[in-house]
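Multiple structures are listed underneath, in structure tokens.
Note that chain A is present in both complexes that follow, paired respectively with chain B and with chain C.
Take a look at the complex of A and B:
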């Protein structure tokens, strides 16, 4: 009897404790999600009700050339950022972890600083640095290509440069994660490896790399999800151009929803992007886990 | 390569010549000379912070040497890489590679050295056989108990067939029962391999039971070295006297009342009625202040005159008991009782030191013989 009473009281406490979160989650996430799903089956405008049109939005999307361009650009951007940023972050983390005390904190702060900046500031900085007429990086580009390049107006340069900006902006966080992972590897494993005759290179590949793998896999997965959601940098630096060469899925969704007032169609785009992210990231995570186990 | 399964390894001695180590302005090792002969089991013992682990890591090559020379055999290895010194080390934390199986852990160094697969397999299986690890070869370190991990760490060392084995407090993470068991296994292993072993511990019981030679370290110096019983019977200073032996030696301040024909008549501070006759070959002058040391096991309960001890705590261990108490002057005393099972706490007992078992130290803690 008293046991049941206690259990009931515990249940009541538990409900009381989680209810604020459940409430916020339901109102600001679950309900909007449901609305987006529902909306994607209608021809509703951005505000107001629409007619049920079944899968017509999805069918239209499958025949939308711009959607394929956007999706392709998204995948291209993922290719340009995810692995490179992880490799760069790993190199920086390895270098920083060799530093000691205050020097380490200082250097780490310097690498982390860009992450603190809002995207508008980041893009402003880079827009100026890469400005066709006044950009301080143009001489560098000119030295390589022979002449200055208006990078955000050039279909070949635009995506790689947005990738550079993005890596510069978000890399500090990855460095932080990897540093934490490196610190988790006990020093005496390196000493044991040194006694076992491992060269610094072998120590990295046979001790650091396998033991850091869980963190590396996490960084890769987080990056993949983040970079598939690319929008702000493109919107602010190139607005999808030139000739849609930096147009991405979220841009298309934004245009359909907020510029063309097609709430239903935009919702369908959102749903498809959501599915792509889920499938790709789950796939990647599984692949990485298998890789780590081997 | 040495034959790991057989009775001998290519044992080599370790010799240190005025070896020094400082971290910044802090001198940790202030000049150590020592000779560990080939095949010997040497133990570095001392309180924490005495530099014993640092000294071991210097021999391993994991710490730079600030001064002096380290020889392994007749080779000067002072500035050689750890891997080139022919030493293997067992770490306190075992330092097993968590992502590798027991087999791969033990094969690690041989694989790096690009030995043929068949040879690696033979060496690993032989070492696993010695250490009873054969059935665990496919497991990861996380699936093993503390004692088994310890054995894997030792196995990893054996496989390399080193000239010198180094142990850095290898048993301190094990529980008491397992520690005693592993201590015996290490002693057997040493007999079996005949290799030179250097072992660091803060536990003087481990030192006494395992060592051929003990090096007592304190303050960056070797305070004394020698066979365990030599250190016990004939400590050269107060530190060694207090560190070797359990429970610790009792120390009492005293003054020289008079010189006798073969020693001194010492009077304990705060015990005006009691003088002790201590034979010494170089007796200090009359009136000098000295410290008398007496081991708990050398204080005998007597009906005659002696030290009057008010016992406040009795530790009964079954075979023996340790009586803790104070002298009238307030000095703490421990004495050992064998056989007696009646509680002594709260009583006043008179104890007297066994003749010839009183150690005398000068004010600086140096032994007066």
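Take a look at the complex of A and C:
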């Protein structure tokens, strides 16, 4: 008797259970995704109707010098952050995992703490650290360059310094992932390597590095995607300047949509970012997998 | 043996110094916030040698910080609760029940990982504005309710629970909701705590979306609000740092209390531990 009945009850319960999530997901995620695609083919302002203009927005993008500047700056920022932060995180993770008990907890806390701060707190603190007149890091900069530098108003310094601030802020996350990865490497592999007379250097390259690679690859991929989405730090520290030297894609999307009232064009910019992130993450994932097999 | 011990101590010393350099910006913010403005610009000793709370008192009494706290707490708590409830229910169905479209739904959730959320902000803003939710808590909350990692992590953990336990409850006449809230959820309190922490921190710290959807100062969350004070203070280093630290205090204290959970949560949500 009950097979049909049970089946129907299961179906009813399933619908009840998934509907809240599906509703939220459909209205606030799938619909906006569709909408941003549709908008990118129109000349709509931010609020209000627009005309279908086909690929005109994309054609305009191809001739938009500022857009190329933004893309280039995104790429530059990725170069400045992704590999450096992974290397720094790996060094810290290796050091922290050598410590034990309370000492380990203390050191890990200090390295991780910046990660939980809101971005505007981070930028306020660093703006003060690097303040042109009274910043405590200015003597250090002056020692290298001969004079203090208003770093966020200088086209050469601005991106590297935003990279430094970003690495300081987000590095703790990478450290944690790498520590978890290190803990998953079986101890007896190291013992076996030690019995074979392997030096610490050899142990790292023959045991740690290959076995940690999946986690390292994960860190690299997550960082790449995260850093392509750069907006907050740039907006708060340099507002895209000076002379657009820190202008990035999301900055341009924000300006077009919310300051110049070009909803359609901003959506086309968003679509390019969307595509870049999808392509890059698929490609990188594949490349890293091949790299790991060697 | 003693040589090795000495080496260990030296190693710990170096790591500790590196960690202290790493945390120095926060320490320096604290030192600055406790000084008078005149001293800040006259000498630069790095030790905390003054305990002047004037900057804190002024920030608390002149800025809208208390209201921003309220907005941040309210929106983050509501977001976290809804994200966890909807996420765990959906994950339970995906993990334990058979229904048409199950695979497709799961693939959609997994694929949504790849979408960079800020790319949707223009469309989400238009939607919120059509719904009349600009400058409201719900305007801040609704687009932040999409956290696919919650569904995925819950599903993994529900998958791992042995089927026999399920049969026992079903024989006692319990339904799916009993199963979820009396068996699957209690078995996974640790995960719930971890996911709650991750969701709460990321909502609390979100800057870009609340910055877009809120324009009135009294509706701002902390990360957005404190950037407004920036403009109205002029040059006032002690007050700026007091403001930054007051804004950061809840997450710092929360992290120090729930340290282990936070660490675990980060690892679980990235899928490196489970």
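The rule we apply is simple: the second predicted complex is superposed on the first by the 279 of 294 C-alpha atoms of A that agree within 3 Å, B and C clash if a C-alpha of one lies under 4 Å from a C-alpha of the other, contacts with A are read in each partner's own complex, and residues count from 1 in each chain.
Basically, a contact is a pair of C-beta atoms (placed from the backbone, for glycine too) under 8 Å apart; a residue touches a chain by one contact, two chains touch by 3 or more.
Just so we're clear, the structure is a prediction, and the values are computed from it rather than from any experiment.
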Clash-or-fit label for the pair chain B, chain C on chain A
fit
Chain A: partner with more touched residues, chain B or chain C
C
With both complexes superposed on chain A, which partner does A:277 reach: first (chain B), second (chain C), both or neither?
second
Partner chain in contact with A:196 - chain B first, chain C second, else both or neither:
first
Figure out whether A:145 sits in contact with chain B (first) or chain C (second), or with both, or with neither.
neither
Reported in degrees to the nearest 10, the CA-centre angle with chain A in the middle and chain B, chain C at the ends is 80
So, does A:186 touch the first partner chain B, the second partner chain C, both, or neither?
first
Which partner does A:239 reach: the first (chain B), the second (chain C), both, or neither?
neither
Please work out whether A:207 is in contact with chain B alone, chain C alone, both, or neither, and reply first, second, both or neither.
first
Quick one: classify A:10 as touching chain B (first), chain C (second), both or neither.
second
So after superposition, what is the minimum Cα distance from chain B to chain C, given in Å?
8
Across the two complexes, find the residues of chain A that touch chain B and also touch chain C.
none
Quick check on the complex: what are the chain B residues that touch chain A?
60-62, 81-83, 87-89, 91, 93, 95, 97-99, 108-109, 112-113, 156, 160
Touch list for chain A against partner chain C, complex
9-11, 13-15, 17-18, 20-22, 24-25, 27-33, 35-36, 39, 46-47, 92, 95-96, 98-99, 103, 105-114, 116-121, 124-126, 128-129, 131, 133-134, 136, 168, 173, 176-177, 180-181, 184, 215, 218, 222, 225, 228-229, 231-232, 236, 250, 253-254, 257-258, 263, 266-267, 270-271, 273-274, 277-278, 281
Quick one: which bits of chain A touch chain B in the complex? Just the residue numbers, please.
186, 188-189, 191-198, 202, 206-207, 210-211
Chain A touches which residues of chain C in the complex?
11-12, 15-16, 18-20, 22-23, 25-26, 28-29, 32, 40-41, 44, 46, 82, 85-87, 89-90, 92-94, 97-99, 102, 105, 108-109, 112, 114-116, 118-127, 129, 142-143, 145-146, 151, 175-177, 180, 201, 204-205, 207-208, 212, 222-224, 226-227, 230, 237, 240-241, 243-245, 247-248, 251-252, 254-256, 259, 262-263, 266-267, 270-273
